[in-house]
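First the structure, in the form of structure tokens, and then the observations on it.
Here the chain labels run A, B, C and D in written order, and each chain numbers its own residues starting at 1.
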Amino acid sequence: MSTVPGRGQPTPYTRGREDGPVRSICEVLAYRKIGAYHQLTIVAPDIAARATPGQFVSLAVEGGGTILRRPFSITGVSQHGPWAGTIDVVLDVVGPGTAWLAGRSKHDVVDVVGPLGRGFPLPRQPATCLLVGGGYGAAPLLYLAAQLQHRGHRVDLLFGAKTGERIFNAIEGKRQASSTRFTTEDGSFGTQGRVTDVLPDIATSTGAEAIYACGPMGMLAAVAAQARERRLPCQVSVEELMGCGVGVCNTCVVPYRRRDGLANVRACYEGPVLDAKRVVWEAIGTTAMAGEPVEQGDAS
Amino acid sequence: MSAERRPDLRVSLSADPARPLELPNPIVTASGCFASGREIDRFFDIGGLGAVVVKSLTLEPRLGLPTPRMVETDSGMLNAIGLQNPGVDAWLANDLPWLAERGVRTIVSLAGKTVAEYRTLAERVRGQPGIAAIEANISCPNVEDRGMVFAAREEATRDAISQVTRVSAVPVFAKLTPDVTDIAAIAAAAVEAGATGVSLINTLSGMAIDVETGRPRLGGVTGGLSGPAIRPVAVRAIHEVHRALPDLPIIGMGGVRSVPDVVELIMAGASAVAVGTATFADPFATLELVEGLPDWLAERGYRSVRQLRGAVQA
Amino acid sequence: MSAERRPDLRVSLSADPARPLELPNPIVTASGCFASGREIDRFFDIGGLGAVVVKSLTLEPRLGLPTPRMVETDSGMLNAIGLQNPGVDAWLANDLPWLAERGVRTIVSLAGKTVAEYRTLAERVRGQPGIAAIEANISCPNVEDRGMVFAAREEATRDAISQVTRVSAVPVFAKLTPDVTDIAAIAAAAVEAGATGVSLINTLSGMAIDVETGRPRLGGVTGGLSGPAIRPVAVRAIHEVHRALPDLPIIGMGGVRSVPDVVELIMAGASAVAVGTATFADPFATLELVEGLPDWLAERGYRSVRQLRGAVQA
Amino acid sequence: MSTVPGRGQPTPYTRGREDGPVRSICEVLAYRKIGAYHQLTIVAPDIAARATPGQFVSLAVEGGGTILRRPFSITGVSQHGPWAGTIDVVLDVVGPGTAWLAGRSKHDVVDVVGPLGRGFPLPRQPATCLLVGGGYGAAPLLYLAAQLQHRGHRVDLLFGAKTGERIFNAIEGKRQASSTRFTTEDGSFGTQGRVTDVLPDIATSTGAEAIYACGPMGMLAAVAAQARERRLPCQVSVEELMGCGVGVCNTCVVPYRRRDGLANVRACYEGPVLDAKRVVWEAIGTTAMAGEPVEQGDAS
């Protein structure tokens, strides 16, 4: 097997075991601009077949001196159609890697590792689920919504963002939920404010029995606090800087109360979906967890 | 390539017949870049690697440093993990048996805060089945010397390494930092203390600042620079130590990504080559080097990878 | 941007009122990366730069090392020039008058092979019109100490720098190598010897091998690593020295390419920033930093670049 | 003026003085494959107006961790046509930089510095000139041939290469010369052998009064020796690894006998065209020139 797969080779080239994540060199089937975001549809049958909502993929990028992959939530999979097995990812351009990816178009080749991480656990009994997304955090929730509906759960969506064009795919959202509500900080779309301003009302009116959330860490902490107050189970998909995405570098940790005590769990491996009430929100990015004097320059 | 003419990848990492270390191929994992082994074993059978060097273990479990713990830099990355690890006892109980059962050649990396801790650590792992060698990570702060890393000084190097070699029945490698004035002198000190070989190089001390916020980009303020950016420093350090101590086995590492990179480090003087950051970019990186090396050698008429060791004409 | 609100780019590089060094802006050239000044003056008026640091001068003319003298590495390059230069006397006769006539603030870089040579060099340039400061490049081999570079040792640093400060009427900067165990200790030794400030960092020692031929890629075997790859090391070194010696002026350098890079080094503790390898990629690099810095500052409400010095919250 | 010129800005963007080299962000007007080579026609009116044969341009490249420009001889300029002022360069793909450049096509943007270096000095009196090129070394000689003919000199061409497809632009060569001769090492085109095998005959038969050569250093040394034997003036365009191309890094040096003594002159500044009899061929890449003990690790 070649050490430099890619152009010239038939795509998708896939390497991995019978189950678990694989590495695939895949063709881009479609590129679409959605509001402020870019959506890529990628032909990756092995990944599509193995993925569950809440999992992510890690894409290689080119240009400058970049060496690491970039993680993106899977926002949908399709097992059918002329191209058997595609996945969708949504990009917000924030730096060189996302800029390079947003420049891909049909027939370009991308290098994908996935599906990675722990997805959203689904309710065992029919339940009313409130899905709360911030910005591109809505992406994995659309995939989750489709699966929840398919299994007969009630889905209500609450998506927020800074501006209307950063509300991801409102139309698709409306199609997949019993109710949808949008908030924007500038009031350009939906209710002016934040998701947490309207969450209590919606939770009450829909009779939410479980909350699923994905978005910036600050939003997740606030949603987690509201869920706790209402004693609602809450699963959050967290975001931390990732070096490897596959569990080996220990850069993506989140302080977490495990059965066996406090731990720094890996967002890419034990997460990205975590039980909100176990996350030690106040200790994120602080030395509060360190449990021992932190030595500066203790590089590894 | 016919089976007969397949180049021989076997390497020996010990000149001491009492403590041999033979690997089926020279590709090993770099400490701290391969977690417990299970994570990458999801992708392929890690038993095919030359050896697995595990994350440095400390006496007590460590939660490590606050995030952000990494930042990508030009052709490299900085990390400040803070030696997060389950502690040596938990590792012996939960991780080593899994590695041993799968037949993985395991090199255990040990990190002490004091000279005495190195001895305790070496005692804990002594006689545990499945441990092929010890890598003493002495590129970490010595709390008895104002946090100066052990491998920054010849004396501290000698002190820490001799604690390990005294109680170990397996080969001992001293993992050195490149952030020193004279790395060959530090390597010599490790040898005096009974080290079987040295591992070169650990990360370079570096720092990055977010100019918009004025804050360091790492929770630990400074961190370790790894990746292709540092390969020229690794090649130089390996060459320097190999020239000074030609018989000393060296596990080389620093920015290796491709088969020619592996060959470059071996030509500089490495007997085996560890791969760290490249695994972050591609979980198959180590395996693809094991697979790609024989072709590279065969195409050029080499019959054994050992022919290349220290072969640079300098 | 209205004229009144244009941020103030002036910086002072000397705390000694007897030997002041005021630059109109903090962007200077890195030694050995700007030749005589005429080459880049073909592209733009180099008088607009904060200062020009010239190629290190030796007592005798030097032809330097055989080619190949450079190799591109990942986000960096290795060079082994061997201090090719016309010698201090020829430079004083042919190059300094041209720089002086054009009003270029000139910092002369001096490199000795022995401690005594530093004194002779400093004497030769003493009182020459148009020399704003001296940069003593002590990151070069001391032939009296087995070729160990001066800045590798505190004592050799003190010896070499004191020869220069003793005879100089202008500010003296000690240019240090990052290839040391404790750069703050070397900086302190330079200060004891009367240095006005330090220049951080020179290149890292590195090496590259052509795996097809087995030969080093550089005629000089090992060489100096520069460019974006080393910026994290530069930021760390500057931060370390600035924390230890907060009042010491620092000329920072290492992989600077963009305005945010300049700001990063200043936040780490640099008062001025030198640009080397970036000029190779773009002859206008220094000028575009001089032009781009005011906008960057103004957009963020800074009124003076001096506000940023050492501003990192660490 | 922006610090990051390029896409989005009108091209060519040019910066520099009234004369001398400039930096231009330019549009590619045409891409053409010629045998084993790739030719780019670049809209660069300022450079076209200032260039002379033997000068080169330095192109920025992208990808991987590359940071330095790549030098290429100018193989022709056009001052006319709908696009006023273009230059041509010819690429042999040998590494990442040339591979990236060979992937450019019409309307792509390239970043060019030039014209750089010393070009070929032209004879003062009408003369018979033999132009000897190896591989892509033929490129600047075609530009020189056009100019020599235009000024009334006689031009004879002798181009050699490993294989026929590495003989650069034989057709164009035939158009610009009184005679042309080709040699290939594999005999696939022209005479089998090297240019130096046939040079003596051609020099005699054409009555050559001056030799101009460009190609690999080994070939140049051999041509220089033959020119010397025949006491013919000989100008060679040399090639050394270049760090900057503009005279500031001192990596591209060639040992040279100057009026004031032995010197390492810069191929990019005093050259690339040098007087063959002054080049110290036997000292290239050796320590013979050093004149002092060479200290290993003397990094700069």
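The definition used in the following text is that contacts are C-beta pairs under 8 Å (C-beta built on N, C-alpha and C of every residue); 3 or more make two chains touch, one makes a residue touch a chain.
All figures in this text were calculated on a predicted structure; none of them were measured in a lab.
Colleague: Going chain by chain, each one touching the next, work out the least steps from subunit B to subunit D.
Modeller: 1
Colleague: Taking the mean of the C-alpha atoms as each chain's centre, how many Å separate subunit A from subunit B?
Modeller: 34
Colleague: At what distance in angstrom does the C-alpha mean of subunit C lie from that of subunit A?
Modeller: That pair's centroid distance is 46 Å.
Colleague: Taking each chain's centre as its mean C-alpha position, how far apart are subunit A and subunit D in Å?
Modeller: The answer is 53 Å.
Colleague: Counting only residues that touch at least 2 other chains, which ones in subunit B make the list?
Modeller: 73-76, 205, 221-222, 227-229
Colleague: Give me the residue numbers in subunit A that touch at least two other chains, ranges are fine.
Modeller: In subunit A, residues 65 touch at least two other chains, as defined above.
Colleague: Classify the inter-chain contact topology: is it line, ring, star, complete, or other?
Modeller: Contact map by chain: complete.
Colleague: List the residues on subunit A that touch subunit C in their complex, please.
Modeller: Contact set of subunit A toward subunit C: 65.
Colleague: Quick one: in the complex, what on subunit D touches subunit A?
Modeller: 62-63, 65
Colleague: For subunit B, which residues count as touching subunit C in their complex?
Modeller: Going through subunit B, the ones touching subunit C are 73-76, 78, 152-153, 179-182, 204-209, 211-212, 214-216, 221-222, 225, 227-233, 235-236, 239, 255, 260, 263-264, 267-268, 300, 311-314.
Colleague: Given the complex with subunit A, which residues does subunit B contribute to the contact?
Modeller: 32-35, 39-40, 42-44, 55-56, 60, 62-77, 79-84, 139-141, 143, 147, 202-203, 205, 219-224, 227-229, 258-259, 277, 279-284, 288-289, 291-292
Colleague: For the complex, give me every residue of subunit B touching subunit D.
Modeller: Residues 74-75, 228-229 of subunit B touch subunit D in their complex.
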